[in-house]
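Some structures are shown below for you to check.
One chain, chain A, appears in both complexes that follow, with chain B as partner in the first and chain C in the second.
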Partner chain A sequence: MFEDILKSIFSAGTFNQMLRSATPVALAALGGAMTEHAGIMNIGMDGMILMGAFFGVLGSYLFGSAAAGVALVLAMGIVVGLFFALFVVKFKSDEFIIGTALNTFALGLTSFLSRSIFGASGTKGNPALPTVHIPGLDAIPFLGQVLNDNSLFIYLTWLLVLVMWLFVYKTPYGFWLRASGEKPETLRTAGIAPEKMKWLASILCGLLCGLAGAHLSLGQLQGTFAEDMANSRGYIAFACVIFSKANPAVAYGAALMFGFFDAIGLRLQDYISSDLTNTIPYIITIIMMVYVVVRSQRRKRHAGKRLPARQT
Partner chain B sequence: MDEIAVRFSHVSMAFPGVLANDDVTLDIKKGEVFALVGENGAGKSTLMNVLYGINTPTDGKVYISGREVTDFNPKTAISMGVGMVHQHFMLVPSFTVAQNIVLSREPRRGRVFFDNAAAERMTRQLVEEYGLEVDPSVPVEELSVGLQQRVEILKTLFRGAETLILDEPTAVLTPQETDELFAVIRRVVRERNMTVIIITHKLYEVLAISDRVGVMRKGQLVGVRNTADVDEQTLASMMVGRPVLYDQLEKTGTPGEEMIRVEDLTVRDNRGLVAVDGLNLGVRAGEVLGIAAIEGNGQSELIEAITGMRRPESGRITICGRDATGLSPGDIRALGLAHVPEDRLATGVSRDATVTENLLTGKQRQKQFNRFGFHQRTSTIERYARELYEKFDIRGAGTDVTAGDLSGGNMQKVVIAREFSFDCPVLIIAQPTRGVDVGAIEFIHSQIIDRRNHGCAILLCSADLDEVFRLSDRIITLYEGRITGEFSGGFSKDEIGLCMTGSRREKEAVS
Partner chain C sequence: MKKRIISLLLALVLVAGLASVAALADDEPLTVALVVADKFGDRSFYDSSKAGCDKLAEDLGIELKTIECGGENHTAQIRNAADMADVVVCVGWEFYDVETVGPEYPDVKFIWIDNATSAPVENVLNITYAQNEGSFLAGYIAAAMSESGVVGAVGGEDADTINDFIVGYEQGAQYYADSKDTEIEVVHNYANTYTDPAVGKECAIALNDEGADVIFQIASATGDGVFEAAAEKGFYAIGVDSDQKYINEDVIICSMKKEVGDSIYAAISALAEGDDSLWGTTWVADMSTGYIGIGYGEEDAVQQVPDELKEEVADIAESIISGDIVVETTRS
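Our next item is the complex of A and B:
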């Protein structure tokens, strides 16, 4: 039996499932990385994802096309990002409170609208995002099975990881973004308002979290919306951001790790109670956070030893 | 040579409740090193923040290289050739030297991409041009403070500064780094004909580096002199507005009963090591006992043990004839002890509380300040705070601002005012004037001696040896938690210095 378990764990299906589970988390984590770099602790990602999921389905339902759904999500992402920045950047409210408020608000709003428009049981079967078939990829055994015929956003995410990584580390705007979070006064004395970068980061976060939600409802679940379908992915994304120190590429890796354990959990359901297997991703998240704390502690001790500082 | 680099014409700057600059008119010549001195809160930094465009003056005009400044913001100031090195460095720790220097003016490749190689090349060019050696590719957080300051200077040069403002540049530097900085200043002035304005309150530095010096007091410019024509005494009296009476403290009265008694006291530090090792001492009423010791030789732990902030390992502490060993700070205070702690930010004041609240702390339960033990008598409290505020010459925007808004010297005066007003027979004072300017030092010293003359038993601990010499009736030296010498009457600096390094411990055993 043990051999069966191993075989089912390390099958192409598991790795394909890993990609699917990881993608919404990864997209949200990309957004979270932006606000994190801008020095905003954003725990409102869960709400942003949920709104993305709902408005994606709503657009798809109203206009009969997934593309319209995505367009609606993008508009909503900008609005939510602006809303978040208005309170956090402009009014300098406590970001923790605003994030929590955003999550609660998103849950209430989407549940209310969903029940009024679709009825108590939600909606399914709306026009969904297409899957992409890459000709020739099937020729590669195993890898082909994992990578081919996935929902569009899985490939879009790869592109976005690259773009965001370049943006953060290879463009002047990325430097300004990081300076606005690490030492805003430095940027101000250089003649650039750090608030501008924070607004930009919030909007980017709204957009990316919205896309994460759209993938969840229009891609992964083929046009379905259910209440609270974000299911704490925003928090897991936040864990990925912290774990990766907001590096988009590393955050994607962390999301893959989450996806992998999520996929294993699904496989193990044949053998163990699903209540138990569902906890696996969260346990992994906790372990990741413990690692982060240990790492920063070690760094602190190390910094103490490093004195006297380096001379050139 | 007599070209004017910067002209302030009747500049005033008012903040809510304070007039930080009052009708300042000043010309700074091109190619000179101009020192701006004054007490904490005299308005030096405010004036320079006007020049750098951080403050918009409420009145008056500013000219840079003959052109009037119309739009006050750092961007304009930078474009007009003014650069400022702030007291707290404006550097992003995780960025490299080159990335910090080019921030906001990054060289680009293909319009959108940051060209790191070009940034490093430009930095290296700058380094060679000005002879300010630093590695462009090292993250700033790995550099020493002195080198970080160098990066700050390079940054202003990169932005095309012709006038360089340095705000208390030596406050964070070691003596060697200070010498290097001064060499750099002399070089840029001589070779590049730059103008350097240096804000400081260390008078010997003014004499060492500047061509001319301007003195500010209470927001006004009280005088400009050629540095060659002045000495420290003259500058100090200009700063405080009257002659500084160094070495003229009047000590009266004779010592009375022993108020502090410490017997065989052993205390461990935070690492669990023995910091105070079987120490004995006594302080009598009307006497100042000074502790001279190099930092980390047990003086902090000794004071913490006496004041109840640290539990002693063994031994006995008696305050005013009653056993105080191992009591809480509150209980020890109740025995008649007041304490000026060494770190005013950590244990001296609450930065977020108002000046009034800070002054009241410890007395809030006294009958005169409340009804029925819980309802505050606001007006009585206000009046009381106002009295102390004026008596101790605290300068700031009144008693309603938070203590964190005060400058360091005035914050220290709040601590002194509070502790001295307990009217206790025993005073423990640690580092009373750390980071405090000349005028405030003189005031605090006279207050300490005033308490002494009123019969207070005072234990004084300070890293400033001159201060210990000036105030103490007796001095003990501590080395590795033990007393290595005791002196009274005429003190010899050399001898005490030797004892502080432990070289006379054998002799103490004999005496």
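Our next item is the complex of A and C:
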């Protein structure tokens, strides 16, 4: 029996699902990393994902192509980012409340529009994003099966992780972005308005979360929208952001971990109650948070040790 | 002093006015409030109840109000509905508080779909469905259509009503194996959500990885993902609650029908004619009532299930009605 469990856990199917489930979370986490660096606690990602999922399907339905859906999502992402920044940056409202409001608003708006346009049942079977076949990759036995023939956005996410990582750590904009969150006064002294970087971060977050939603409805599903389909992925993404200290590469790793545990949770249901397997993502979140706290405590202690030594 | 008398008189007039309005209201058509535990748009359970009530509004001219709980505040929503309607239809096992709220509103009639109170309440009609019997037939068809000898089911969550489907499904598949002297394995998992088709798709793919080539969805909107997985990976799916063939006639071979809307229609139209004898009881809508069965879609739909198998299924349905086959249940 133990062998059966291991076999079902470490099958190509598990890793396929890991990639599929991780991608919307990872894309949203990339967006969340931007706002996190800019010093905005963004819990509105769930709503942004939901809007992305809806507008992706809407564009695909209206114009008959998934590319048009993605274009509409990008436009929507900018608008949502601006909207979020307007309240959080310009009016300096409480970001927690604005984030919650955004989630509620997104649920209401998408449900209303979906029912007005598609009727109560939502829609399905609209033009979806293509899967990518990499010739020659199949030759590698296990990896080929996992990495090949996935939806376009799974590969796009890898590219975006690299781009966002370079942006944050290797460009002056990324430097200013981080400064706008950590030491806004200093950035202002240097002649750059931290507010501008916060606006930029919000827009990037809107765009990336929108893409996360588009992957969910157009990549993972075949142009299907159901009300409330974001299903708390935005909160999981937020946990990834906090865990990774907003490092895009680490956030992607964290999202993969969630995807992996999702996949084995499903396969473990044959042996353990689904109520228990269902708690796995939340247990992982708690373990991650404990790790984050312990890590920061240890740093403080090290810093404390160093200090007297310097003084003497 | 004078002011007080005047205000008292005015208050009296107001009360009398209200009372006369209330008296007039008796001639008004019935107001029915439909409260669903989650949301419309599942193309099965809740939508079926809505269709039944819409038909009531059309045929009997009742006034229909709808409330979607979206998975929250079920008790408060029962009260909201009872405040504004003569008949409250609660759709979902989540409304167990109807048992305590019911007596607070003696003039309101309640219908509770999908579960039974432990002690029947005078103004509550419990309608519970023998989904295990319908699922038995679905399991039989699944086993007969399977080439791999493995059939699957994706449930919404690990709850009594969902498990009632699964128990019947497993027994039906086993019945096929016994009568044809073959081996059948039934695998299932739970999505733990009713609104996330992406998870439903993953659940179905996971079962397909285990070899299942016919998968029964019992998960509302999450089940849409099961149909998508079936189309993508090339296996068969079975719909639930409504006849779902039309969603994708190439992969959905049949649906286990649970005619929630029709049973609500029957109960309320009886009430409109002055017959409230059903209230205070638990009505089990089993296969003999016709509210449970198998649907193969419209006549011109593509059919995968051969006619001989359909006849066998019809015979088994007869045996279930006559009691020759007893289907296990999780309903107490």
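What to note about this one:
FYI, the second predicted complex is superposed on the first by the 304 of 312 C-alpha atoms of A that agree within 3 Å, B and C clash if a C-alpha of one lies under 4 Å from a C-alpha of the other, contacts with A are read in each partner's own complex, and residues count from 1 in each chain.
In this text, a residue touches a chain if its C-beta (ideal position, glycine included) is under 8 Å from a C-beta of that chain, and two chains touch if they have at least 3 such contacts.
Everything quoted here is computed from the prediction, not taken from an experiment.
Overlaying the two complexes via chain A leaves chain B and chain C side by side, clear of any clash. Of the two partner chains, neither chain B nor chain C is touched by A:244. Judged by the touch definition given at the top, the superposed model places A:220 against chain C, while chain B stays out of reach.
By the touch criterion stated above, A:190 is placed in contact with chain B alone, chain C being left untouched. Greater residue coverage of chain A by touch, when chain B is weighed against chain C, goes to C. Once chain A of one complex is fitted onto chain A of the other, the partner contacts of A:202 are absent, as it touches neither chain B nor chain C. Once chain A of one complex is fitted onto chain A of the other, the partner contacts of A:42 are absent, as it touches neither chain B nor chain C.
Of the two partner chains placed by the overlay, neither chain B nor chain C lies in contact with A:103.
Once the two complexes are laid over each other on the shared chain, residue contacts for A:170 go to chain B alone; chain C is not touched. In the superposition on chain A, contact of A:123 is made with neither chain B nor chain C. With chain A used as the common frame, chain B approaches chain C to a shortest CA-CA distance of 32 Å. Annotation: chain A has no residue touching chain B in one complex and chain C in the other. Chain contact summary for the complex, chain A toward chain B: residues 166, 170-172, 174-176, 178-179, 182-183, 185-192, 306, 308-312.
Residues of chain C that touch chain A in their complex: 39-43, 47, 50, 70, 157-158, 187, 189-190, 192-193, 195-199, 201-203, 205-206, 209-210, 221, 224-225, 228, 231-232, 247-248. Across the complex, chain C is touched by residues 8, 11, 13, 16-17, 20-21, 24, 111, 114-115, 119-122, 124-125, 216, 220-222, 224, 226-229, 231, 262-263, 266-267, 269-270, 273-275, 278 of chain A. If you check the complex, the residues on chain B that touch chain A are 73-75, 78, 84, 86, 90-95, 99-100, 103-106, 108, 112-114, 133-135, 138, 142-145, 147.
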